[in-house]
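Multiple structures are listed underneath, in structure tokens.
The same subunit A turns up in both complexes below, where it pairs with subunit B and then with subunit C.
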Partner chain A sequence: MAGNLEFIKSGTLITPTPYLEIIDCFNSNYDVYKVVITKWTSSVTADDTRLRFIDNTNTKISTLNYDTADIRLKSYNSNTSEDRYVNNSWITTFGLDMRNTADNIGTVLYVYNPTDTSSYTFCQWQSSFHDVGNGMSSIKGIGVLKLTTEITGLAFTSNGVNNLTEAQVSVYGVK
Partner chain B sequence: MPIGQAKFGLLGGVADLGKLELIETQTASGTVEFIEFTNLQESTYNVHLLTVNNLHLANNSSLVQSQFSTNGGTSYINTQYQYAQQRCQANGTFADDKSVGTSSLQFVYFAGNGTGETCNFYAYFYNLGDNTKYSYVTMHNNYMISGVAISSFGGGALLQTNTINAFRLQSNVTNNFTDYDISLYGIAES
Partner chain C sequence: MAGSLIKIDEEIASSSASISLGATDWDSSYDVYMVKINDMQFATDNASLGMRVLASGSPKTTSDYDTAAKVLRSNAAFANNALPNYDRTYLTYIGGSNVATESLNAVIYLFNMNNASEYSFNTFEISTFQYTGVLEGSQGGSVYTVAEAHNGVQFFAGSGNIASGTFTLYGLKK
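Showing the complex of A and B:
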């Protein structure tokens, strides 16, 4: 029996654009997916790293059906941040304000039951990144899309408008 | 087809098996000061996973830390590390462990060496082989001291754009590692 981590697809930004979309990366072969973000740069001050799911018509879901909770730990002060959003239009935040090439991010994200139309789609993640002008931070968070739509892809963005200048994401199925 | 897909490079589409690839496992061989990993294959893997199981310490109330190397372990970088972690203790203490400009990355904050007290954690390392990026770690641990269960999660970074080709685990006390089972994996296609 095949086991462990099975590579499905990766996406790399080639030219600046607001979204890095990875379509058809979820299917009925897996219940749990591991997503690794290894590169991320946005040229705009204070841009977040955010996620929208893509449905089985290759449409990004932007309705107010996302809930998120995360804790952001900072190397440079004791003001630990709690980010909480109910009925938001995306899942946020994986990282913040990574404007220089070296700043970048490292993220492992797990997605649960994206193609199961009897269940919401859940996710959890952990990131480390460098916040320009401040220092290294780490985020641990959870999110849910409160729809039973069949989810087949991922769309990463800073705010849906500003161009990303660098992004690289790999998707694996967990057996 | 999504608008703008031509702006992406997409690989894959067919399941490709076995992408958590074991690089090396180290087990205890007597009390040691450092546990070194010098075969990272950093040009192959952008992401590494380290699993640390049953790490016994010789000295009570001591740290587990890490340093990176650019020359295969001949010497180790002792500056420009940052970390930020949330510590959750079963006795009710919650705290932020953090530092900027420190000499090593922290993985475990003051662990015990009583009966059954060991350190266990996983850590992901990102972009060690990319000399245009800082090197990052995310981690989550579980350990005990004086009968109190503790878990910390968070991460760290080396704020240098070097190619990292080795790292080591160390402590604030010399010859502190007495027993362990530690594995390093590469995540292929990352």
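Showing the complex of A and C:
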């Protein structure tokens, strides 16, 4: 019997650039997508792992229409950190300060309704990562793009300027 | 290669008092199930979303649901939702929105549903809007503390109907 989790495409960073873009990964065949980040290394101290959506003209949406809420659980102390952003220019944070190759990340992100022009595009995720300054953390988060634009792709970045040196993302449709 | 996430049931809400997944469509050959809720809207503003397990196709309404969740929200410090001995699992914290663009979306995993000698557990991740227009999402789990077999789940609004949305039940192949 065929399954209902279907691989769509993956993206791997070839040369250092500020964004890993995966275009045309969303279409009308699915309403819900599972996105898995399996590699991530950035070049600058304290860079986050952030997301912008790509619209149907292959343009990264950088307007102030993203809201995010996430909580970070830490292995190195018992404190938790909360991030709350309203009307931001990206969804953040999946991970933080992964400058060494060994400082990797594992993220499972669900994206809802990206091609539905009657609803906002929502997402939620869980990450586990190791940052160079402190150690292992886990993040649970939710985000929304408050636009009804048709979304067809993903653009992951650290801050939109500094280069990523390693990134790998796979996209699956949940049929 | 065949996949391992197998669709069992799907229901589309249309001004529905409740949505049930499973019951006569239930397939007991799985240990773990996944429920996907996509683009759900309430008919009434400021409504909660409840979930109950089904036994022999009927929702269990006794006050034996224990829920623990962290409520993420974009406008205030996150809340802890601790709800022992309630008559449902609450999947929302502040009431939800009936605005079309502000939908509710979720992934829920169901465990031990077919085991009559253990409780049925679940974990849930929600992403939605409060009726006040604030991004909110509960991340947590619940349990129905009666040792019996269950053959599905029911979703319903605390007030009014579920206006729209797609509810899908999957089995995770062993």
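Everything that follows uses one rule, which is that the second predicted complex is superposed on the first by the 172 of 175 C-alpha atoms of A that agree within 3 Å, B and C clash if a C-alpha of one lies under 4 Å from a C-alpha of the other, contacts with A are read in each partner's own complex, and residues count from 1 in each chain.
One rule holds in what follows: contacts are C-beta pairs under 8 Å (C-beta built on N, C-alpha and C of every residue); 3 or more make two chains touch, one makes a residue touch a chain.
Keep in mind that this is a model prediction, so the values were computed, not measured.
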Under the stated touch criterion, which partner chain does A:I14 make contact with: subunit B (first), subunit C (second), both, or neither?
first
Counting only touches as set out at the top, which of subunit B and subunit C does A:I71 meet: first, second, both, neither?
both
With the two structures laid over each other on chain A, which partner does A:S127 touch: subunit B (first), subunit C (second), both, or neither?
first
Which of the two partners, first being subunit B and second being subunit C, lies in contact with A:E6: first, second, both, or neither?
both
Determine, for the superposed model, which of the two partners subunit B and subunit C contacts more residues of subunit A.
B
Now for A:D24: first (subunit B), second (subunit C), both, or neither, which partner does it touch?
first
Touching partner for A:S137 - first (subunit B), second (subunit C), both, neither:
first
Which partner does A:S170 contact after superposing on A: first (subunit B), second (subunit C), both, neither?
first
Subunit B and subunit C footprints on subunit A meet at residues 2-6, 71, 126, 140
Where on subunit C is subunit A touching in the complex?
2-7, 36, 38-39, 70, 72-78, 100-103, 105, 107, 125-129, 135-137, 139, 166, 170, 173
Give the list of subunit B residues in touch with subunit A in this complex.
1-2, 4-5, 7-13, 15-20, 46-47, 82-86, 96, 98-100, 124-127, 132-134, 136-138, 140, 153-157, 159, 161, 187-190
Note which residues of subunit A are touching subunit B in the complex, please.
2-17, 19-25, 29, 36, 38-39, 54, 58, 60, 71, 73-78, 80, 101-108, 126-130, 135-138, 140, 155, 170-173
Complex interface listing, subunit A residues touching subunit C
1-6, 31-32, 67-71, 82, 84-86, 110, 112-113, 116, 118-120, 122-124, 126, 140-144, 146, 148, 174-175
